[in-house]
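Working notes, beginning with the structure itself.
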Amino acid sequence: MAPSDRTVVDKDRLAQPKPELPHWHSALTYTAPNQVLIRGYPLDELMGRVSFADAVYLMLMGELPTPAIGRMLNAVLVSSIDHGVTPPSTLAARNVAVSRAPLKDSVAAGILAFGPRHGGDIESCMRFLDGGLGLVRNGKTMQDAAATIVEDYARDSIIPPGFGHRFHTRDPRASRLFQMALELELEDEHVRLIRAVEHALEGRRDQYGQALPVNVDGAIAAICADLGFAHDLGNAVFLISRLPGLIAHAHEERVRQAPMRQIDPKDHDYDGPRERRVPEGRK
Amino acid sequence: MAPSDRTVVDKDRLAQPKPELPHWHSALTYTAPNQVLIRGYPLDELMGRVSFADAVYLMLMGELPTPAIGRMLNAVLVSSIDHGVTPPSTLAARNVAVSRAPLKDSVAAGILAFGPRHGGDIESCMRFLDGGLGLVRNGKTMQDAAATIVEDYARDSIIPPGFGHRFHTRDPRASRLFQMALELELEDEHVRLIRAVEHALEGRRDQYGQALPVNVDGAIAAICADLGFAHDLGNAVFLISRLPGLIAHAHEERVRQAPMRQIDPKDHDYDGPRERRVPEGRK
Amino acid sequence: MAPSDRTVVDKDRLAQPKPELPHWHSALTYTAPNQVLIRGYPLDELMGRVSFADAVYLMLMGELPTPAIGRMLNAVLVSSIDHGVTPPSTLAARNVAVSRAPLKDSVAAGILAFGPRHGGDIESCMRFLDGGLGLVRNGKTMQDAAATIVEDYARDSIIPPGFGHRFHTRDPRASRLFQMALELELEDEHVRLIRAVEHALEGRRDQYGQALPVNVDGAIAAICADLGFAHDLGNAVFLISRLPGLIAHAHEERVRQAPMRQIDPKDHDYDGPRERRVPEGRK
Amino acid sequence: MAPSDRTVVDKDRLAQPKPELPHWHSALTYTAPNQVLIRGYPLDELMGRVSFADAVYLMLMGELPTPAIGRMLNAVLVSSIDHGVTPPSTLAARNVAVSRAPLKDSVAAGILAFGPRHGGDIESCMRFLDGGLGLVRNGKTMQDAAATIVEDYARDSIIPPGFGHRFHTRDPRASRLFQMALELELEDEHVRLIRAVEHALEGRRDQYGQALPVNVDGAIAAICADLGFAHDLGNAVFLISRLPGLIAHAHEERVRQAPMRQIDPKDHDYDGPRERRVPEGRK
């Protein structure tokens, strides 16, 4: 590692080729001494004036959201903040924490566990719905489009992305998201189509051997698509939402459990506060 | 990988030892069919009633924040949402994106780049301040405690964690955070001590050859410590804040730049919206 | 985090549901007190008797390799051990190192930068060749099969996976791998097909505007496929090969460069030993 | 993301400051069109002439190893290639695989699980031994130095790094490594000191309530230190060694198990080949 005590190289001969790299641009953030502009807004002026969810929208979409969209995005981000000990992302994060690696390493491992079958459903569901809306633009009704894209999956008894849950038979998070989208008048064609798909799947309960209601991934997919999010940003919204949960699990593992334990994913119980109501008057 | 076509093993002899794993508990989230409780609150009831920043506080600290703490945490999370193209975490995330790996891989790589010299300063600064407050509890004044802990670093001309910036001579994000802590009446001993340390460092400008104002990491450290966050959760707050920035850079790299390009970290310009004011009437 | 000072939960009501998890098997490694068997072989007996490359083959494929396959795999693993400062994986690893995060975090970030356009070509190329061999099994000659699968890419002027290099017009690593496969009598249908594809691409040099010789990814793909590696294990062989290079770059960044520097990917030179010959008599 | 449809920015005003980045050097690898030199050796000339373990040594240490060191490093790399299903790194890698994320994501998560309590012991043990050798250089005997550094840990009943195992009472991998170091005449002061420390710990079996023989991490630490590896490269040798095991587990999880299963870390058995001897005549 100390090159000076070796034969000095012939710099003319071993100079690395130096290709021209093109000048490039970024439209996200401007930084200069004592100045940071996020999408044009002074960062210190945003602080205290917009919520973090508003700033997330600004960062990803380029403009501040309307108040209704800001409320919707806050709810979407709250909806997936945690789902207990058993998701693979949580178990990956906890297994990293048992070796007492830095907290951020647990978090990164948890994020890596979001694959096509866990979190990645959001992007798949957005593509699935876009396929159906293509049919609508070509003249089909919502109902016919839903029936057609369901048939593509049902033919091989495959569950479409965004439906069913290994745990919930009716996902309370999805219902609440749809209710809010309705109240905030943000419901649009993706939400309408996913409800039509859910209806079409009800008629196939016998074929699948289970009810397949929209799950939280499906609800986030439809709502984010109606809000105009790009497909891979739909997954990203889920990442942002779940990060605090991953952090809380990694932290709890470090402070409550012995290092190098083996984690039994089923033989545990909950010892936090018992069920309680959200205080009145909060918004 | 297909074991059936090999000599069948003697199960009695090669059965893996099966140690008893202890029953364990988690106090974070209770899940049952059609029910998710976050720290005791039904998740679907939280949605639409609390902001994402409130839910972050609930997840990490176990209780819903007061409205003042909720506003403060929103501002802290907004404060570090992005800092342009050049931080090593952003460059790590963009370099992963050039290979067209999944977006989440860019994000995980960006998180891994938060080391002791980048983001990790928050935890170090919390420990640094706690050292000084130990002296205060033993009878020193804030000013004397600040002078003592500064001297420990200044002896070897080392900059204490949470001070100075490679870019800013006066960090606009830190000033705004302290202003809000004052207005919201959340200022406490960590904030008072860090201001005393900043004052002590002003007297050593000649020794260090530069001004060393509190930077945004120092401000987050002092405020989070006053709010009662554990040290490693201070770093975690920064993680949550920066995640949308990492996502936006990875996404922009994918949609605006050619795959497998080499990224020049200085030869780029900003082509987003020009400076603009946050609209009146937002909160 | 200290649940004991809260209302004690009603365990009957908030006990987590405990699903039965199925008993499962692994065919890789048996561990018991003072005993480790890798694919049936005592680990301490393997040490000193087989090379690390042999052990890699045993671990991934289930059996010890023949001496010829062992030599081939050693060469494959050597072939991609490093490619200098500029690959995105190396830049990701170095950008993590500048924050002085742990060495392993640099390595993990480097691995994440292996995407479809960097390293991932091996798996894609294996699938591409298997497509051609399907045609051969249906009666086409190697030449016709090569022409057909090339046409599928050339139609849209897309470069097939495993061909061309942003830097090399004739990849010296690929040539050496093919020469060794020939000498060791390990050449089989995937290697023969990839040579036929290379020949077919020579006839389209005008169309592509560049020569498209087999690159090192293509050579590894064809050889690993002939050796019977599963597709995703082809990519894994590249991972194992490049790991020491990622480690060396992360280590060099930490010991030779200032923390928090910005890395210019082109303005650097090589100051290691000048070109030298591998000593005679080594094998 | 499409900046052209927005107000065009004033480039003179929002041009990013462009700091001068210093010219820098790397001593690892020289690349030019059709040429790759690893530490000065043409890469294609190394292929087929040196083993992968030799190339690892060259990459990390700058020179080709002697044949004895080459054999020793092969054995060190084989020694930790896998340890079954239960290490946290393996469980992290498998939990990522259950979501069907890319194989490399499993591998990266496994690497992140190497923390101070898992793999990281090598670096800690190297520092521990260097502390003792400092005493030897100041005139203490090996035995006295060993007793002194053991006392520093035993005072608080803490186990020194590199000793004891949650599973093995006599680690067969450590014994074999020490035997090879002796036969290859590579034993030096770190190995001698660690044996003296092991002897000192035998006299404290009652205090610790268990035997604390050198484990494989301790053996790797002592041998790598005697070979001149830097502390963080000692950990890196373990990373290289374990990578194929992580890959094999991630691959097996993908091909043998259902997606999204929960992994029970104890209720599994081994169904690979029964115990067998390494064939005669291999070397």
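Per-chain numbering from 1; labels A, B, C and D assigned in written order.
The definition used in the following text is that a contact is a pair of C-beta atoms (placed from the backbone, for glycine too) under 8 Å apart; a residue touches a chain by one contact, two chains touch by 3 or more.
Bear in mind that the values here come from a model prediction, so they are computed numbers and not experimental data.
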Any chain that touches chain B and chain A: C, D
Far-end chain from chain C, centres as C-alpha averages: B
Chain A on chain C, rotation in degrees - Cα superposition, rounded to nearest 5: 180
Distance from the mean Cα position of chain C to that of chain A, given in whole angstrom: 30
Interchain centroid distance [CA atoms averaged], chain C/chain D, Å: 19
Centre distance in Å when chain A and chain D are each reduced to the mean of their C-alpha atoms: 34
Set of chain A residues in contact with two or more other chains: 1, 3, 6, 14, 16, 19, 21, 25, 27, 30-31, 33, 62, 84-86, 101-102, 105, 108-109, 112, 114, 230, 251-252, 255-256, 262-275
Contact set on chain A toward chain C in their complex: 1, 3, 6-11, 13-16, 18-19, 21, 84-85, 101-102, 105, 108, 112, 251-252, 255-256, 265-275
Complex contact set, residues of chain B against chain C: 1, 3, 14, 16-17, 25, 27, 30-33, 62, 86, 88-89, 91-92, 95-96, 98-102, 105-106, 108-109, 112-120, 166, 230, 259-260, 262-266
Complex contact set, residues of chain D against chain C: 19, 21-31, 33-53, 55-56, 59-60, 62, 64, 71, 73-75, 77-79, 81-86, 103-105, 107-109, 111-112, 114, 167-173, 175-177, 180, 230, 232-233, 235-236, 239-241, 243-245, 247-249, 251-252, 254-257, 261-264, 267-279, 282-283
